[in-house]
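Naming follows writing order (A, B, C and D), and every chain is counted from residue 1.
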Amino acid sequence: MDLTVQDMKNWLLKTNEKIKENKDYLTKLDQAIGDGDHGINMVRGFEKVAEKLEPAEYAEIDAVLKDTAMTLMSSIGGASGPLYATAFLKWTATAKGLETLDQEAFAKGTQAAVDGIKQRGKATEGEKTMIEVWARVNELVASSEKVTAEQIQQAANTATEDSKEMEATKGRAAYFKEKSIGHIDPGCASSNLLFEALAEVMKGNE
Amino acid sequence: MDLTVQDMKNWLLKTNEKIKENKDYLTKLDQAIGDGDHGINMVRGFEKVAEKLEPAEYAEIDAVLKDTAMTLMSSIGGASGPLYATAFLKWTATAKGLETLDQEAFAKGTQAAVDGIKQRGKATEGEKTMIEVWARVNELVASSEKVTAEQIQQAANTATEDSKEMEATKGRAAYFKEKSIGHIDPGCASSNLLFEALAEVMKGNE
Amino acid sequence: MKKIINDPNQVVNDMLAGYTAAYPDEVKQLPDTTVITKKNAPVQHKVGIVSGGGSGHEPAHAGYVGKGMLDAAVAGEVFTSPTPDQVLEAIKAVDAGKGVLLVIKNYSGDVINFDMAKEMAEAEGIEVESVVVKDDVAIENIEDRRGIAGTILVHKVAGAKAEEGATLQEVKATAEKTITNVRSMGIALDSCIVPAAGTPSFELKENEMEVGIGIHGEPGIERKEISSADAIAEELLDTVLQDMDFTGEVAVMVNGMGSTPEMELFIVNKKVQAILADKNIHAYKTLVGEYMTSLEMTGCSITVLKLDDELKRLLDAPSFAPAFRNE
Amino acid sequence: MKKIINDPNQVVNDMLAGYTAAYPDEVKQLPDTTVITKKNAPVQHKVGIVSGGGSGHEPAHAGYVGKGMLDAAVAGEVFTSPTPDQVLEAIKAVDAGKGVLLVIKNYSGDVINFDMAKEMAEAEGIEVESVVVKDDVAIENIEDRRGIAGTILVHKVAGAKAEEGATLQEVKATAEKTITNVRSMGIALDSCIVPAAGTPSFELKENEMEVGIGIHGEPGIERKEISSADAIAEELLDTVLQDMDFTGEVAVMVNGMGSTPEMELFIVNKKVQAILADKNIHAYKTLVGEYMTSLEMTGCSITVLKLDDELKRLLDAPSFAPAFRNE
C-alpha cells in the first residue's frame, strides 16, 4: 500500500470532507441510541485537524499522526474524542521517523490503535462500538498478502453494517439495551467514513 | 320593588348559577385585556357565597349583605374581589335592621356601593371598569318613579355594551391602552350577570 | 397542559405544604391560611416586613421569608392577589410592636387587597405602612407601572434595614428610596398556562417574542420578531437606562421567567455587563437566576438599581431566605 | 427552537463569560480554557476538588465552584464531556501540593476524558484521585448506572471534607461513601433542544412522559401515560427506596430538569415527605430546586442520600458556591 506523508495528509483532509457531508447522518444515528451529538462532535474535531494539517509541512508520518491525535484530543470531547485521539496517538508511537507507511507498518499502527481504544474504553469486539470497524480493518491488513483499497472499504462497510444487529453494552447506547439492536453504531459510521477516505486516497495511487 | 330577605338570598344564589354558566365567557374576556382569571375568580367567590347563604336563616337584609360581602372578601382576591366585597359592605351599612328593601332603600344601597367601589378602586365612570354597570343601575333606580326588572336589566346590559368602546385607564386592562377598545370589560360582564339575576328575581314578584 | 400537579385547584395549598416541609426549621404556615412566616415570628425588636401576591412567581414570595428579608409572605391563587383577611393574618403574626411594612406590587388587585388589610390591621391597633413597587418601564406613565422583578431588591433592602433595628418610618423611607431608584423590563418567547385555566395566556409564533411583559402571563406592549441574546439585552437595558440617570454604581439582576435555562441568562448577562461597562456604570452587584417568575414562561427581565452607600450596605447584609442567601 | 442565544456554536463561551462577569470576586476563567476556578485558586493547605462535564446542566458545574465545594469546574460543549487538556488545566490550577480529587459522572465520555487528564497530570507529578458517581437507579446494573443529580451532594460532601484539611485519601474515601449511599431517578414531560442540533432530542405526545431519563436529553427507560404529581413522586421514590435500605436519616433532593416551575417541585416534595415519614425515614435535610438540569427539559428527579454523623456534619458545613449557599 505504501502511503507517503502527503497521502496521510490527504487521507485526513478527505476524512474531514466526508464527515462534514455526513454530519446530519451521524447526528441522526446518535439521536436514535445516544445523545445526538456525534455529528457535531466529529465535525468540530476534524475541522480542527484540517486547519492544523493543511498549512503544515511534515517530513515524517508520525508527525502527521501526532498532530491529528492531539487536535482530536483537545477538540472533540465526549466518548469518541479521546478514543479517536488514543487510536492516533498509539499509532504515532509505532511510526516514529517513517517517511512512508507500508502494509506491515500500517498493520502495526492499526493494531496499536485497536489496543489503545480497547484499553481506554474498557471495551472489546462485539459491544457495538467503533472497535468493530477498527478491529476488522486491522485484521484484514495484518492477514492479507497485499491489501487493496477495495478490500479496506469492504471490511469497514461490513463491520459497520454488522454493528446494526448487535446489542450495545458500552457507551451511551448501552442504556437502550435490546432496543439498541437495529441501529448502526454512530462511532462505527464515523470510523467507516475514515477508512472510506483512506480507500479513496489509495485508489488514487493504485 | 320591595325585596324581601328571601328575595335577596334568591338573588345571590341565582347570581352564582349565572356566574358558573358564564365562567368560560368571563375568562375569555379577561384573557383579551387582562390575565384570564376573572371567570375562575368569580366562580370561586360566588360558590362560597352560595355555600354560606344556602343553609343560613336570616331575619334582616343587612345580614345577607354582610355575609355576602365578607365571603367575597375572603375568597376572591384579585382586583374584583375586594371591590365586590366593598360594594356589598357599604350597602350593608345602609340597610341595618331592614326586613324589606324598597326602591328608596335600594338606591341608598347602590349609591353607597358605587361610592365604595370608586373610593377603593380610585376610579370613576368612563374608565372601563365594573363601575359603569353599578353606576348606571344606581342612577336608574335613584331617578325612576317606579323601576321595573326590565329597566334594570336594560341598564346593566347597555352599560356593559358601552364598556366595549371605552379605553381602559384602570385595572390590568389599562396596560393595553387603546388596544383595550373593542373588548367588553370582564368586571362589567360579571356585574351585568349580577343585575340580570336581580331582574329575574324581581320578575318573579312582578 | 403538561404539569406535575394533582388537582389544578389545589396547587397553592399543595405547594405551601411542600414548602414548609422543605424548610421546617425556618418557616411555618399559619393554620388555615396561605401565609408563610418565619418560624420564630414575631421577631422581637424589629419592624415586620410582609409581602405577597398571586402564586406562580416562585420563588416569590415565600422563598424570601427568612432572617434579613421578609417576615411573612402571603400567597394568593395563581396570578391572583391574596385576599385582605389573609394579609391581615400575616400582619398580626409578624407585628412585634414596632409596626409592619407591606411591600406591594403595583397592580389594582394587590394594592386594593393590601390596602384593605392595612385598614383592618390599623383598626386592631397595629401600626402599618406600605410601599408600592412600580419598576416596569414598559409602561410609560410612572404611576401606572407594574411591580416586577425589582420587588426582590426592595424586599432585600427593607429586610436588612429592619434587621438593623430601624423604625417603621425609617424602613419605609429606605424602601421608598429603593423604589425610586429601581427599573426593570422583560420579554417572553413563550407564554404560560394557569393550571385552573388550562390554556396558554397568549400564543406566540415560532419566530415571535413579546416585549414589555408583566409577570402574570399578560401579553406585552409589543410583539416582535425574535432576536439574538445580545439584541434582547440591548433593547431591554437601553430602555431601562434611558429612564433615569444610572451613572455611578448599580445592582443589576438578570431574571429568568421560568423556563429559560440558566445558560441563556448568563449569555444575556455577558452583554449586560458589556453595555454597563461601556456606559461607565459600575455593576457593584450582579444577580443572575430565577427570582420572579411566571410559571413556565420562557423569557427574561433585566433590573437595574442605582446604589448609594446605604443601599450597598443593605444589599450586602446577610440574608438567610432560601431564595436569597447572602453570606 | 426558541432560545435567547447568539451563535449556537458559541453558547458555552458566551455563558462562561457571563458567569465570571456575574461573580468577578469569587471565580475566574482560566485563559483560553473552559475552566472556571475559585478566584484564589490554588487554595493552600487543602485538597483540590474538580468536577465538570458537558454544559447544559446549569447551575452544574460552575455554580458549585466556591469555598466549601468545588475548586474548579470544567465545561464541555453542550451535553459533551470536556476534553482531557481542559481537565488537566483545571487540575494544575487547583493543586496546592495536597493533591486533587476528580468527581466524575459515570458516562463513557466523562470517565475516559477525565481518566486521560488524570494520567497526564500524574505524568506531571500531581497526585490525582477520582471517584465516579453512579446514582441513577433507572439502570439496573449498578456499575452501568449514570451519574445524575446525586453528584451535587458528592460535590458538597467532598468539598466540605477537603475544607476540614483532610488528606486526598480521606476526601476520596468520604466521597466514595457518599456515592455508595446515594440514589436518584428522574422523569421528563418534555425533551430539550441542543442549540447546535436545533431539533428536540426526543418527542413526547401531550399525554406521555419518559420515566428513567438521563441528563443529556436521552430518552428514558420507559414511556408512560402522564400521571399526577403524587403518582410521579411515588413511582420515583419507591424505585429509589427499594434499591437500598434507607432506614434512619437521609438528605432528599427534589431537582427540576429546567422548565418545571418551582411550584411543581414543592408539590412533589409534599408527597415525598409524606412517603418518607410513612416509612419512618427521617428527612434530615431537604433540597428543592434546580441543581442539575438538562437545558429546558420539563421534569424532575428525586435523590436520596443516607446519612451518618460525618455526612450530616459535611452537608451542614458552610458553602459559598453561588448555587449552593449554606449559612
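General remarks:
As a convention for this text, a contact is a pair of C-beta atoms (placed from the backbone, for glycine too) under 8 Å apart; a residue touches a chain by one contact, two chains touch by 3 or more.
What you see is a predicted model; the values in this text were computed from it and never measured.
We define each chain's centre as the mean of its Cα atoms; on that basis subunit C and subunit D are separated by 28 Å. Centroids built from CA atoms put subunit D at 55 Å from subunit B.
One finds 77 Å separating the Cα centroids of subunit A and subunit B.
Our note on geometry: subunit A versus subunit D, Cα centroid distance of 32 Å, whole angstroms. Touching of two or more other chains is recorded for no residue of subunit B.
Taken pairwise by the contact criterion, the protein chains link up end to end in a single open path, with no chain closing the loop.
Every pair of chains in contact is given here: A-D, B-C, C-D.
Across the interface of their complex, subunit D is touched by residues 2-6, 11, 14-19, 21-23, 55-56, 58-59, 63, 189-190, 206, 209, 226, 228-230, 232, 258-271, 273, 283, 286-288, 290, 293, 295-296, 298-300, 325-327 of subunit C.
The residues of subunit C lying in touch with subunit B in their complex are 54, 76-86, 107-109, 112-113, 115-116, 139, 144, 146, 194, 196-197, 201-202, 214, 216-219, 221. If you check the complex, the residues on subunit B that touch subunit C are 27, 31, 34-37, 40-41, 44, 73-83, 85-86, 120-121, 170-172, 174-176.
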